[in-house]
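Each in structure tokens, the structures are laid out below.
Each of the next two complexes has chain A plus one more chain, namely chain B in the first and chain C in the second.
So, the complex of A and B:
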């Protein structure tokens, strides 16, 4: 199907891209049930369930896009390798994408745009991450020696290369959540933002408690039955604590922000744990969905990315979605009141709360976002109603697929309305997106 | 046929010791070889597959770590029951040093992680062979009383003459073809395979398998089968091999993964071992997907050979359907 000529001069009306469904494996805590499963294993497990649910065996899907944040160099073609290991037709093209924690959402945006433009009729977007099976690399010193050694021709050259090796070069490097330009971990960066906005410990614990309660309730009512495939003995997210309480959360010791003037408030309970998992979303044009008798849960309406200067300390590392949001809303002529669901990724409880506080601040919105006044208030009863990353866990690149599939289903259940997604990412980046019920 | 219910899945190490003892007794003339197969079936229950070992098996043979047990891994899970039949004092052939000629597997659905299974094994078709005597070990795997997997392994005991009559598995001709008898490879369809003609002309390879020197030990660790001929050159020499050789089921598992990577429920495959794949070594491999016809899915044919060798290392086929289990 080609693009339809639009009504306005110089514009083109694009067709709708719809979310047909999704599938993920339960998220495991790092070192838990998926300790020996690779990114490829988990992505294939998520794909297997999606293929089975929507009868895609042997089908050539328009394109598959996915990625992993912690990725071994041998997995350069991770997504294509997963397609080849799946029941999809080997004629299904695939590409890898990496935008830190926004990877999964960005794959949805990219493929939805291709569908809208008529370049593809169907697509599978998603992501996977393993904190357990993380790639470990040799030290820079050893790497240089090994490379020189491979180029050395004479024994003298080989000896010269090896003689540069020092004992410290033998220590391997594991990936960290540290920002390369600042050396601060993501948690320490967020602690700065948390302090700047004066987000209290109580407010963070309340958000974490709501995340667990909402996720547990979603499981109870069978919400995930057509969104999840059990894997390696897990049938629910391992991080979910259905029996947690504000008292239990209040007892946890702070783990970030200990060196600041303000009291440290961020604990293991109101920060996401390192997690393993995978999530994928099936997208298509309306014609594709109808021709294959597939459901249409929601339309992918629009998306916006933003980035902030966190290196100079002018803005918090995880505040980019705050900047993307007014641009997205203005382009679509929408306000917070026009939305029925808000999916704000809970990297940390205080990330969500800092973002909400910023959008409610007249001064911030005027000076930083260039608005006339505050962007608006978010009705907390519409926030992360089926749980989010604090309860489910956060396998970095898998989170976007989890959110899009869950939100699309929530919109389909409601039968009307809109949903807003906000995902922050390392490097001071963020992506926000709008889904709309059909 | 009588049935012996084993108290638990037997341990392979104990069976190898038992077999070694039997072979010593036999050589010392303390035990005369039987001339007929024991008319018994051995039955044992297996618990849910160990997830860690399953993952290691899947990764070793290049499969994704799904919650589905690879068809070839089912063989390794049930193999101890077949071994226990062959290790019986009244089994007519010496277990140690037996050569694996072929495997045929018919699977109606995959065994899944977490499922208990039952395995029954028996021997049949003791038959003369130019180089000795062949026997077929049949292994059936059931879940909740439903048979889901049937495997038939053909072994050759070199130099053992116990029976006379028709050869079930004629020896390969000197030129390397696997025999032209009516039951060549128990499957006349194999005649279509490259390498089964008069001379072996290698097809264009579509893959290359680098088999490292530790392939046999790595496979032993994930399968539990510590047969000395796969472990090292010295241990293989004790059993008459030039060097360690790749485990046949390891090659079969990689063949199945190459042909059907999505691990379908219904699956049948056959592998014929024509010459050992020495370790370390490189195998050239060619895959030829079959055409689907008449409501039947295609059968992918696979052949593996050492470049320059006179005959293939293995030939086989894989198909995503359960072929008639009566004549696998």
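So, the complex of A and C:
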């Protein structure tokens, strides 16, 4: 299953697609600083900060691609509407994309491919999500009545439609992160995987602690000064606890996996909270960057998506990146040792640890991934070195943009090397990607 | 902050009442609008020195209506009084008494501009006395003028000719609406080679790149806007916490936003790297960022004192050192620092701020001396009472008093400070170096 026909994308590209820079607004906890900001507001803020950083006012960018996971039906053209509300030229086309938590990364992949093929010279990729301003869906009963009512012509027909309404129809369906096919929340799904891989509470808390410590250190050294623009009075990610400790994390009560036979280990400290935020990345061809005196931080090398059958329980909901990884590495002739930075999205600390455990397991890699042996070990000192979702928060579609911009900057600072990105997503999906320093 | 009284007194009935009661009657100032006339009416040239003929010719070249004599009944847009040849105090009487008659005919927003030579360059005491006399007379005229009219002077240093590019640039600035809130001031200009004529007179800074610190709001944001209006490419800098407003300013002026704390050790390096990458050369640096941490000295703590010194002067010294050592800073580069009338006159509760702003003046003069023989300039602009968020927080009565204490009987607008900075950044201001230009409406404080 790891064999893809055709030569590697790395050898057939027409030209390079480069990351020029990024911008995001600080991520807020749900119901916090952005409680009254819409997805459109936040995406405009992220775009305008990017425009200001790179002087793109009035410019017709090749294309803008972004999306949101929790999306109002009125936002069918969210990205285009955000472009119209931004300082970009109104002649900039835009499209919406949605691949759950992989949305942001997938927009980068899509626009980078267009740049590589010469279809566009520049692009802005990203995403936004608001758990605060989430759409609330009316009940199926009320919805049908309302639709019939809109079609009714006579008073009698109208009365007939309304008379079907029952009190229970008035209760709205609150948004959930539940999987439609299993009814389980994402956390409960991950709890199954956590138990299956025997990931300990201590290991999860250690990863969460490292995430906070790394993010705090990145702020301290000014790492985000050219990656972030404050919004609505927020100047840092609201979820960051610079003073957290393993002791404090150890005190938190488990919130997922209580019904399992094994001890519950997943807490609010080692799981990401519901978050509001937006992130965008400026991509371009080398010619575009040079012609406009813009920096080139890193090349977007290649990417691979995968999906798993979690419905039958054959695989964990968030394990798809594990399957995408060997296909991506093989196509590019690379191993874990060839990378200087690993950005594994921390949906839950145990998601990262389960993935790492799977790649290190000879049996799993042989039986599930079709490899000869274990894929390899990841040097933990290279993992999420500037913090990740556990500390920063995780506005679903914004996470990809956050990771790509931060990794590109880290590569540019180092001046050499490669970075590997892994993002899991609802629906049993995942996307992995390679960036390379210039 | 809106000046309610200013608005009220410029409507018919309350205006009449104010006149009857002898209350201050501040006028709506004549400010610059691109493409608008230089002065609101004919320009009368007084004085018998060679400067009179020279300036008359220059003004004719600018398509102005020039008069050499007062015509009965005719209103004037400006009066230029050439006193560049006075050699005895007695020489002042005739032209200044004529000026006294002429100012009666001055239109609202009119201008009086004197032309003289520096007393300290005089060869004898009588000449020095006469030249210094100009200073007192013009400052007094400024205090007597009403209806938004101002009086300022040009001082020709080192034998500069009246039609030297620097003198003509200063004349144009002082006649125009750009100098609306500059009153009772003297621009001291040296002879410098003629600057390149801008291709578009409406964009005198076209092709230049400017950095403005503290640009997220208030005066800094307005400086960015005016430099942009005059054609410059603007890089706006402010602390990361002000990034949202900074981005809005950058997008308004088509510039780039650079979030940086100017007190950080790497601030200059980051600014220079950004300018080098995006624009190649840095032509204009405006040190606008500044903070106040007011307390009576008896109640002052080290944190307040040190923060003000660090932001308002130490950062400027450090950035200038790196700027002047960098090949990115243009050989014709301009540095403009924000001082304050508090730094000239002192201000109760502002010992730290006044120290930092006086220090700016000291730095500017010393750096200017080191520029002798080069084409770079450094100057300070000292705002008086300017209507900003900061002054809006003053107690009502203190604010009202501060507004009326100037010859123009009102506070200035951020744009007034910005216009003076844009002028100092322009080619024709190349002969102005090491000066402190007050934009204060001739406020009594620090006069």
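One rule holds in what follows: the second predicted complex is superposed on the first by the 425 of 438 C-alpha atoms of A that agree within 3 Å, B and C clash if a C-alpha of one lies under 4 Å from a C-alpha of the other, contacts with A are read in each partner's own complex, and residues count from 1 in each chain.
The rule we apply is simple: contacts are C-beta pairs under 8 Å (C-beta built on N, C-alpha and C of every residue); 3 or more make two chains touch, one makes a residue touch a chain.
As the structure is a computational prediction, the values presented were derived from the model and not from experiment.
A.B. asks: Between chain B and chain C, positioned on chain A by superposition, is the outcome a clash or a fit?
C.D. replies: When both complexes are placed onto chain A, chain B and chain C end up clashing with one another.
A.B. asks: Considering only the touch criterion stated at the top, classify A:40 as touching first (chain B), second (chain C), both, or neither.
C.D. replies: In the superposed model, A:40 contacts chain B only, not chain C.
A.B. asks: Answer with first, second, both or neither: which of chain B and chain C does A:367 touch in the superposed model?
C.D. replies: In the superposition, A:367 touches no partner, neither chain B nor chain C.
A.B. asks: Considering only touches as defined above, state whether A:295 meets chain B (first), chain C (second), both or neither.
C.D. replies: In the superposition, A:295 touches chain C alone.
A.B. asks: Applying the document's definition of touch, where does A:52 land relative to chain B and chain C: first, second, both, or neither?
C.D. replies: Second partner only.
A.B. asks: Of the partners chain B and chain C, which touch A:85 in the superposed model: first, second, both, neither?
C.D. replies: Only chain B is touched by A:85; chain C is not.
A.B. asks: Have a look and say if chain B or chain C is in touch with more residues of chain A.
C.D. replies: C
A.B. asks: Quick check on the superposed pair: does A:173 touch chain B, chain C, both, or neither? Answer first, second, both or neither.
C.D. replies: After superposing on A, A:173 lies clear of both chain B and chain C.
A.B. asks: Once both complexes are aligned on A, which of 76-84, 94-102, 112-120 or 274-282 in chain B overlaps with chain C?
C.D. replies: 112-120
A.B. asks: Can you list the residues of chain A that meet both chain B and chain C?
C.D. replies: On chain A, the residues that contact chain B in one structure and chain C in the other are 45, 48, 57, 87, 230-232.
A.B. asks: Residue numbers of chain A touching chain B in their complex, please.
C.D. replies: Result: residues 36-38, 40-41, 44-45, 48, 57, 82, 84-87, 230-233 of chain A touch chain B.
A.B. asks: In the complex of these two chains, what residues of chain C are touching chain A?
C.D. replies: That would be residues 240-244, 246-248, 250-251, 254-260, 264, 277-280 of chain C.
A.B. asks: Where on chain A is chain C touching in the complex?
C.D. replies: Listed in rising order, the residues of chain A that touch chain C are 45, 48-49, 51-55, 57-58, 87, 222, 224-226, 228-232, 235, 293-295.
A.B. asks: Any idea which chain B residues touch chain A in the complex?
C.D. replies: 51-52, 55-56, 58-59, 63-67, 113-114, 261-262, 264
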